[in-house]
Amino acid sequence: MFRIRFHGRGGQGMKAASRILGNAFFIEDYEVQDAPRYGAERRGAPIFAYVRAGREPINERGIIRHPDLVIVADDSLVPVPGAGVMSGVDARTVILINSEESPQVWKQRLNFEGHVFTLPVETADRAELRFIGATCVGAAARLLGVIKRESLAEAIRQELADLGSDMVEINLSKALAAFDSMQAEEGRVTPAVTESAADYRPPDWIDLEFEDARASAPAIHAGATSVEVRTGLWRTLRPVIDHDRCNRCWWVCSTFCPDGAITVDSEGRPQIDYDHCKGCMICVAQCPPHAISAVSEQDAQAEEAEVAST
Amino acid sequence: MSRTLLTGNGAAAWGARLAGVDYIPAFPITPQTEIIETIAKWIDTDEMNARMVTLESEHSMITAAGAAAATGVRVFTATSSQGLLYGMEMLYSVAGWRAPFVLVNVSRGLSSPLTLEPDHNDILAARDSGCLQIHCSTCQEVFDSMLIAYRLAEDERVRLPVIVNLDGFYLSFTREPVEVPDQKAVRDYVGSYDPETTLFRASAPSSQGVAVLGGGPYSYFRYELHLAARNALRVYDQVAEEFGRHFGREHAAVEAYRVDDADIAFVMMGSFATKARAAVDRLRDAGLRVGLVRPRLLRPFPEAHIKRLLKGKRGVAVIDQNLSMGLGGVLHSEVASALYGQDGAPAMLLSFVAGLGGRDIADEEFFEMVAVTQRAIEKGEAPPPRLLYTQAELREVRKLQAIAHVEYEELNRASSANEGDRQ
Amino acid sequence: MSKTQTKQAPVSEAKVTVYRRMKDLPSTHLLGSGTAMCAGCGGLEALHEVYDVIGAKSIFVNAAGCMTLLSVYPFTPFRGSWLYTAMASAPAGAQGVRDALDILKQKKLMSAEEDMEVVVLTGDGSAYGMGLSSTSGAMERGLDFLYLCYDNEGYGNTGQQYSGATPHAARTATSKGEHGFAGYKKDLFSIWTAHKPAYVATVIGTEPLDLARKIEKAKSLKGPRLIIAMAPCPTGWNFDPQHTVEVGRLAVRTGIWPLKEYVDGNVVHTKVPHERVPVEEYLKLQGRFRHLFEPQRDETMLAEIQARADAYWDGVTQ
């Protein structure tokens, strides 16, 4: 059985991608299980989806602990602990990352011996984000080596028919181009051997003790603890203030920022809290003197890294 | 202390009054209304220093009850039947808040068909809510259970809502002599409500009833609620024992009547258990060693008491005033699960369903249940569960069906087809 | 349509408010960041503006909706308190808390300094539907509370199915057909004002000064005070999150979302768009109305929506 995990952000089409792959396997007469997994977070937050496919009926259920193939739609998720991109990955896992960095760089960065493939998809343009899923699934289908090109195309038509023929065509061209680009790597993914019931590590079960209601009721005994959640990790675009251009208006940016991530210092200068800015870009759209611009988060981070190293 | 005639509803109201309740969110429903009418009158005449608010539904009523308890006042509320079910979502929620208060449920059968008369399907629907349950069999017990319930609910080892259950009509509207202690004696026993740190104050922000993500935290909070409910077994024994010292009346978690030397025991809850008690005496007069085991606590389930009391009995007849559709009596299956695999467990555990929608249980029916149990012991085989229902009752239904233009021919065809199935 | 009396806000009021101009709006914010709301959430934008005015001496009693997930253990953005109830009964939860606080003060078990403003927070799904009976009950009992509905015109938390607040023709997850939602947005403002509560107002986060003044006024009054905040929703309405403010502004400038308040039996329009922008300017920014423009313009529907907006304003005497 193949076990495939998709990692992306809400809004990047990971659910659709997993369903396309599920359809494609199904067309190839596989038994299939596909499902998205959401948390509380919304658009922009890390989510994952998974697909299982095998020749026998599938009894496994729930999250995939040891994936054969991990697909990462957004490389900024890799270092995010909550995203769990590397969870259960071992040397035989194949990793497919949408990234401008080379596979070699990722292998070093992750200290990973196995196969890494990259797909350079433009993420700075939000309009392109919609097609990340199609590109990923096209490449993944080829890496799996058991899905024919026409099966992939049919799977996409089935899944995206509701979006209209234009959208189907664009997604098809993206997916098939990615499929073709992986020709040399066909069949890289191999299914893992299932765990043995004779030789396993027993779970470290405990007996839960009673604790009184002060501890054991679902209550939070302090204010504003949410600031510990780094929603800045959701961001793919970063608003950057040109303080020379900022005219110290009535803090339009700060008032309109839904997340309260822009504060104004004593001199009237707005400061963006990048730990929490989700990258909605309302401030960019609303700044009266156009003093805030949107830059790619990846570029901004690369620049920061460069500054830090010099 | 004075001895006076009170209905079960009146006893519940007196319990709330003397327990020093601050707040009563209410909503009227038969047969509970006398409770809130009585309290409303006392508040109007300044005999009771509390605030009563009529909400627009039981769902809202239970929400307000939990919210007020979480803010730090002593809360009482009451409902019945459809009302309990309408508020069911909130019963589970407020238990999860760990908000202690007392709710009286006046048991009444559930729709459909709608009825006003009692059985226990309403209260048993709340069985898994996290609210504890005390089932009463007399008006005195209703009053006493109110006081015990506040001690139990508010104990720091528990901190859960407690439902005191009394049967509609047979307790709610039935007057019996009730010993009502004076205010000071009750205050000495019940004490004042200490909400500890789980309350809302401007100086101490808190967020309560928050969502969780994932099975790990969810399992923790839910299992802790379960452990708190399990603690209530020990806490109940303590506060009931203390109650006995204060007021001289014993209310064990499970009442045992002439059980020690009995061969056969009835197991049943609620007001009709006093009828079982009377039947036990008559059966003893006839030379049969019969006893009664009556759980007062249903949640937490006092399985240790039940195991101990039923150990070595030759047969047990569980009488359920409820029906889990497609299974049968709820108490029967709970008792069975307590006894399964136990050393000395009774060989025969019979199930009888009786008293649905207020249907009476006649003396001879109690006697017959013992006879059936004896035969089962002799044969070594338990009969299938039985609904106590007579030929005369079916005849009455047939008359009603005739008026309702039920086609007899079709009816007969249907029943002969059933006969065929059986053969 | 009956004529709604509209009066200009009394001149004296301008002196009372601390929010005379934009610069009076807070430049630091009370509501903690790090919530799970979508990027660009118009509801969160309104809430953080509201919270700055209400302050942390408050307890928010929340109904099921998107904002259920403001507090996910162990994280809360509130500096004051919060209680999550259920979809139908947040106003009843407010009743319990308010009554308990009053009892504690009356019995001298709590000092007045420990008291808090009780605020119900619900989405339109609860406010327009399941929670309406509970809201009506709280108003009829004269409960002293604030009520804030963030109205994103659909059951947003479950993926934007239509609700009683969904406007005519909008495509939602349960009205994907050719013509979108067949029903019409319920007039919750009028349902509320029929109860004659102390205060009712409509606001929007994209008009922060109007919002701040209304919350300030609501805070100064006693009794039931209810606010509907239109909440442009990038996810449910299908527009890029950066356009939240633009969409909201156009809702006001096209007259789709009238900013008004009810106090002392009168309805006052606080911002009258004299040169109303055609409604299609508002509609065409949103994916949920794209079918009115593509593949060809649905002139009939556009005219109908325009006519409804016009009829509303024709009924407003100024």
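All chains are identified by letter, namely A, B and C, in their written order; residue positions are counted from 1 within each chain.
Just so it is clear, contacts are C-beta pairs under 8 Å (C-beta built on N, C-alpha and C of every residue); 3 or more make two chains touch, one makes a residue touch a chain.
Here the structure is a predicted model, which is why all the values come from computation and not from measurement.
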(message) Let me spell it out: compute each chain's centre from its C-alpha atoms, then which one is farthest from subunit A's centre?
(response) B
(request) Can you figure out the chain closest to the middle, judged by Cα centres? (result) C
(message) Centroid of subunit A to centroid of subunit B, CA atoms only: how many Å?
(response) 52
(request) Provide the C-alpha centroid distance between subunit B and subunit C, rounded to the nearest whole angstrom. (result) 44
(request) Could you please state the distance in Å, as a whole number, between where the Cα atoms of subunit A are centred and where those of subunit C are centred? (result) 33
(request) Return the residues of subunit C touching two or more other chains; collapse runs of consecutive numbers into ranges. (result) 56, 69, 71-74, 76, 78-80
(message) Residues of subunit A that contact two or more other chains, please.
(response) 39-40, 218, 220, 223
(request) Mark out which residues of subunit B touch at least two other chains, giving numbers and ranges. (result) 97, 205-213, 217
(message) Going by the contact rule set out above, which residues of subunit A touch subunit C in the complex?
(response) 10-11, 39-45, 126, 162, 218, 220, 223-231, 234-235, 249-251, 254-261, 263-264, 273, 275-276, 278-282, 284-286
(request) Write out the stretch or stretches of subunit B touching subunit C in their complex. (result) 22-23, 25, 49, 51, 53, 55-57, 59-61, 63-73, 75, 89-90, 93, 97, 200-203, 205-213, 217
(request) Report the residues of subunit A in contact with subunit B in the complex, numbered from low to high. (result) 39-40, 208-214, 216-223
(message) Help me check something: in the complex, which residues belonging to subunit C touch subunit B?
(response) 56-57, 59, 61, 68-69, 71-74, 76, 78-86, 88-97, 99-104, 107, 109-110, 113-116, 133-134, 136-137, 141
(request) Flag every residue of subunit B that touches subunit A in the complex, lowest number first. (result) 96-98, 156-157, 159, 196-198, 204-213, 217, 220-221, 223-225, 227-228, 230-231
